[in-house]
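Both complexes shown next keep chain A, but they swap its partner, so chain B is in the first and chain C is in the second.
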Partner chain A sequence: MAYTAEINRAKPTAFFFLIDQSGSMDDPYGLESNKRKCDAVADVINRLLSTLVLRCAKGEDVRDYFQVGVVGYGGAVRQGFSGPLANRQFVPISEVADNPLRVEQRMRKEDDGAGSLVERPVRFPVWFEPYANGNTPMTAAIEETRRAVQAWCELYPLSYPPSVINISDGEPTDGNPLPAAEALKQVGTNDGKILFYNIHISGSAKRPIEFPDSEIGLPDEFAQRLFEMSSVLPPRLVEEARREGFGATERSRGFAFNADLRSLIQFLDIGTRTAELR
Partner chain B sequence: MTGATDAESATTPSPTPAPLRFRVRAAHAPKEGNSEEEYEDAFACSAAEPLEGADRLTVALADGASSAVFARQWAQLLVTTFAADIPFPPDDAGAREAVARLGGVWREAVTGRARSWYAQEKLPAGSSAALLVADWDGERGTVCARAVGDVCLFLVRQDRLRFGFPLTKSGQFGDRPALLSTEPRADAPPILRFETPLEAGDRCLLMTDALAAYFLAEFEARRKPWDTLPLDGEAFAPWLKRQRDSGAIKNDDVTVVEVAAISPSGS
Partner chain C sequence: MSSSLYAHEHEQNPLIPPRRRGDWPDAVAYQEALQNPATHIGDQELSQARVATGRGGLPLAYSGRFAVVFRLEMPDGTSWALRCFTSPDQIAERFLHWQGVAGYAEALTPALVPVRCLEKGVLVGGRWYSAVAMPWVEGEPLLAFVERNRHRPEALRRLAASLDRLLLRLEDFGVAHGDWQHDNMFVADDGRSVTLVDYDGFFAPEWSGGAHAAEVGHPNYQHPGRRPEHFGVGLDRFACASLRTALLALAREPALLDRFSDGESLVFTRADFVAPDTSPAFATVRALAASGDEDLREALDALEAACREPGPRLSPAAPSIAPVPEVGRWAREAPHRAAAAPRSAIPPLGAGRRRARVRTDGNAPGALSLLRPRPYRARLALEVAAGRERRNLGGVRRYLAAGALVLTLAVWGLGWTFLTGLLFASFGYWFLTGFYLNWPRKRLADLLHEEMGRLHYEVLACEAQRRAARLRLRMVGAAEATGDSSAPGLVEAARARLRQIPVSRALALPGVRRDAVRALRRGGVETAADVLAHPEGGLEALPGGGRGAAAQEARLRLWGRELLAFHEEEQRRLLSPRLALKAEIEALERGIAARHARMRELRDEWRDYPDASLTAYLWRALHRADPVEDSAGSDGTSGGSAL
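Moving on to the complex of A and B:
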């Protein structure tokens, strides 16, 4: 059965991020008026990386269950990490953990266990700064990703297949990205095809949507195209999504509108889960 | 086999005529690919070596949650405390109070070790472990167990599996078991209890989840896993590797403790 490979250090899985850094990302973000789309993108990628690290942290030890690759596209396609991780295509999660550009302190609202929300300071590591410049070569970025992920799958044929996450406002300038997305979704390991997720960062202030099963109700053609590009969730992930309270169906896709998809990291089975990590 | 919760005879122990003695054997292995230092199960026994002929005995077995921070330290603290230092409190309120105190001990022990942003960020959520603590009383001829989570006790008598506690079916295992947390929680899971009389020749097998799930699946397939489970160190490792390679046992930390009831004459 597909998507059942155990994830361990000998057989890690991979996360590959595509970050839209084009000029249009300088536009206002719909959900928060004081933010630009590129600020929202930076928050999403930094939060996803932080969640990946925390999932593997046992204390001072971070176990390399995951490898991470990033490309940015804005003007051109380029390797995404900077600082000590610059020019690395796939980086073990322990090295990602130990090499943020800086660690900020932010406030986060949390349930206090008695039905109220309290603000708690959290450490917020930053690997990516907001950046917006040039046109949007999304198709070229997907093609570059296919080559990188194909090479990874050849190295780890028995692993759980990579998750590819594209974070964008969905306005490519180098043609229709659908054929490139379809080609990317044909790449895989013995355990299944890669899973292609799309996170739409929009100027629209409409409420977040995660794992929809239809394009009906999505706010615009850009969201609809990103939905169409996204993988249909395999049954096991649909089951996990339902357990986490999402109204997922067997037609649900790996798509989010103005949301960060952090939940999908919790769907991966790397051992006993605690209530805090749900 | 009967589940402890629906076994009427299990809750009304009657003393056996002759006092019993107990013999303990144990085997364990970390998850394949991990080192002994990364093993996050923990077990402890109240009796001193050579673990043969004790007339009273407590064994505690815990399984640290793999997603939690400093889980090995929490599992070890739970078992050493309840096997050797203090008896497991008879009532739920006392037990929760004791666990909360231990949570404070754990926090004090690990806080100075959390230097990175990720360890410091995970520390407020605390740690978690499944736990089973069992007392054997040779005079009364009983075993009394309490459990939170999926660490199991199986009682084999006259070549038959008589009781499973707290789980009785292989399908009951999952990746979200009930856990004892270092942090007091309003939605803390119940502490389950089980007591039953013993007879000379009885074997109690305590196991963490991967082995317990295998044990019950074998039983459901009308086999006798208690006959084929090797408990000496040399045979256990290759046997476990075969079972893992075949997919019969999930790759996880594995621990089994056998407590056999023997008559004073040694039979």
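Moving on to the complex of A and C:
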């Protein structure tokens, strides 16, 4: 059965993030927010990297159950990691843990448990910086990803297949990404084809559509194309999505349209759940 | 992302834990919270701790499947492990499970570590989440110990022997840990002592009869046929056999570790257990054993035989001298236990005991009293069968013979002097403490008395608590003389909950279509509260034509009303001190009744219990006509040398 390989240090799995860094990511995220989309996405990716690190952490020892890659596209396709991790396609999670760009002190406003809001400083590791400039070469980014992921799969043929997650807010400017996406989805390991997730983040206050199982009801041709590009969810993830309260069916795809911040986080959380870790 | 991640939680009532998994704190959220232990740990003592940090000053975390553990360093130099739950699945049951484990953990130190359950554990996003604290186990994880000592066969053999003793100790108590593996076992004292952590899969006798394990352990150490239904004494036997075989093999050939271990196992993995005949690991160890290592051959044979069985072999639940769980637990558990059927054809003694207890709660049919099992007598039978009584009596016979000889010689040589008196007294003292008090019959009789005494004091404590609760109830009653269930605050709070339930949840109802929910959203109906707020017939936007729409509307309204009623009830339960007090009193009363029933049972058992007096002991030790006891002579040395 596909998507059941146990993940261990000899057979790690990989996460590859494609982040839209085009000029439009400079716009505010949602109507009520004063945060730019690129900032919000960078925060979410940084937190997700923390989550992935912690899933593998046994004290000082971070076990290499995962490898992570980040690619940004805005104007051109560029590496997402900078600093000590620059120019690396896949980085073992222990190296990610050891090499954040910096650990920021952020002020966090929260309930003190008795109903009043207090502010306190919190350490927040940062690996990925926000950036927004230029057009949207999504097709080129997907092709680049395919090369990287194919090489990875040849290295780890018995592993749980890599998950590729594309976060974007607009239409690509370098042609139809569908053929490139189809080619990417053909790549895989013995345990199954790679899982390609697409998240379209919204600038509007419209309700998001998550894990749709047909293109009927999607607002436009672009959304339908993103739907077609996305992988069908494996049964285990359908179950996870249902448990989170999404109306997923066995034909649901890993696609979210008009995702707000909350559904973006939830979607990523489901998308990075894999077989059992040991 | 700052506070916006958890912003939605501020609107909710902090007393009610969130239901959705997405709202539950993950490891990162706990890590963030514990950067300020003073304000974010609910326990007075532990909140003074410093959290051990690693890279970038972030709290060091140890991730498991259901939980993440942080290390707290107290000002007095001690360390604690704080275990935070990372998934809301069955959280109430799991917390109760840990509370149940606590009594055993205390009694079984140092094989286990004491557990402190914190209902108000860690503050995340304005809400308290329960957690479990344990003293930090010093020692080395098993795999690290083996790697460090791979060239010291005596240390590995000593560890193998310690594992054997550990298994015996757990089984003696009628419990099982359920997940022996390299990350859960800490070795200290050069292999002489092993401590187990992580009690998610722990089995205790009061959970026998239908309960399932919350997890099935690390696959590289468990029988490949193990399922959650396998839950009983003997759960750790397979892991013990596989670890023992691996350790004995490594003691002969350290290179096996490099060849077969992938960091998640020692020598064997699940694949080897599935097919022992074709496994290279088994073949290599078999060749090693053939070179004349009897212990290894025996261990390997046992492991291979266990692999060929369809699943792990468990004992029928053995009667155990269980510590009585805290107030209220009996009461909560008794009804399920009564309903639960025994799992094997041989009725487990423990389960039967519980059935009997529940019957005595109500109207016990008298005819059944003959069948009522006697846990202490059954335990005694087990000890006799295990040869402990035989060894004890054999030992004392030799001791008495030797003592009589020495005393006779001393009196003959020295006459009655102070020295011979001292000799006499010390022989008598050793006789009492070394033999008589260890006589299984006497030891169990003492334990039986002890349990009776403890129950007596627990009943007194429960009664005192009940008195206090009744007093408080009277005071609350006076304060809220008019406080009834229709208080506007309750309904408002319930409606607030409903405003957080998206209408898309209604998709789970039969007959409600996907497009209906879309239509509702278009019409501005986003949450369950909106459904109720809409005027009758106002949901005409629903697709499916006149009757279909009406049916869907009726269904949706019913759904909304049921949700409202449910949440009102929940608010009432949580917010009304009266009801909480009444429930507390009821729980206490059930606890008292259960303890009375247990005491009646113990008194009955005491009536039938064989004579455990010193006279009876001497008579049994010196009466040699019994053929069973004659055969004991050969084996008496072990008892004698134990002195």
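Note that the second predicted complex is superposed on the first by the 215 of 278 C-alpha atoms of A that agree within 3 Å, B and C clash if a C-alpha of one lies under 4 Å from a C-alpha of the other, contacts with A are read in each partner's own complex, and residues count from 1 in each chain.
What we mean here is this: a contact is a pair of C-beta atoms (placed from the backbone, for glycine too) under 8 Å apart; a residue touches a chain by one contact, two chains touch by 3 or more.
Everything numeric in this text was worked out from a predicted model, so none of it was measured.
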Tell me the contact category for A:149 with respect to chain B and chain C: first, second, both or neither. neither
Regarding the shared-chain residue A:43, is it in contact with chain B (first), chain C (second), both, or neither? second
Look at A:51 in the shared chain and tell me whether it touches chain B only, chain C only, both, or neither; answer first, second, both or neither. second
First, second, both or neither for A:265, with chain B first and chain C second: second
Comparing the two partners chain B and chain C, which touches a greater set of residues in chain A: C
Looking at the overlay, does A:256 come into contact with chain B only (first), chain C only (second), both, or neither? neither
Following superposition on chain A, which residues of chain A contact chain B and also contact chain C? 6, 8-10, 50, 54-55, 57-60, 97-98, 100, 103, 113, 120, 122-123, 125, 269, 276-278
Once bound in the complex, which stretches of chain A touch chain C? 6, 8-10, 40, 43-44, 47, 50-51, 54-60, 63, 97-98, 100, 103, 106-113, 115, 120, 122-123, 125, 207, 217, 243-245, 247, 261-262, 265-266, 269, 276-278
Using the touch definition from the top, list the residues of chain B that touch chain A in their complex. 31, 33, 38, 63, 65-71, 110, 113-122, 124-126, 128, 130, 175-177, 179, 181, 185-187, 251-252
Within their complex, state which residues of chain A touch chain B. 6, 8-10, 50, 53-55, 57-60, 62, 97-98, 100, 103, 113-114, 120, 122-123, 125, 269-278
In the complex, go through chain C and note every residue touching chain A. 1-6, 8-10, 14, 20-22, 26-28, 31-32, 35-36, 39, 54-58, 60-63, 65, 68, 71, 123, 125-128, 183, 218-220, 262-264, 502, 504-505, 507, 514-515, 518, 521, 526
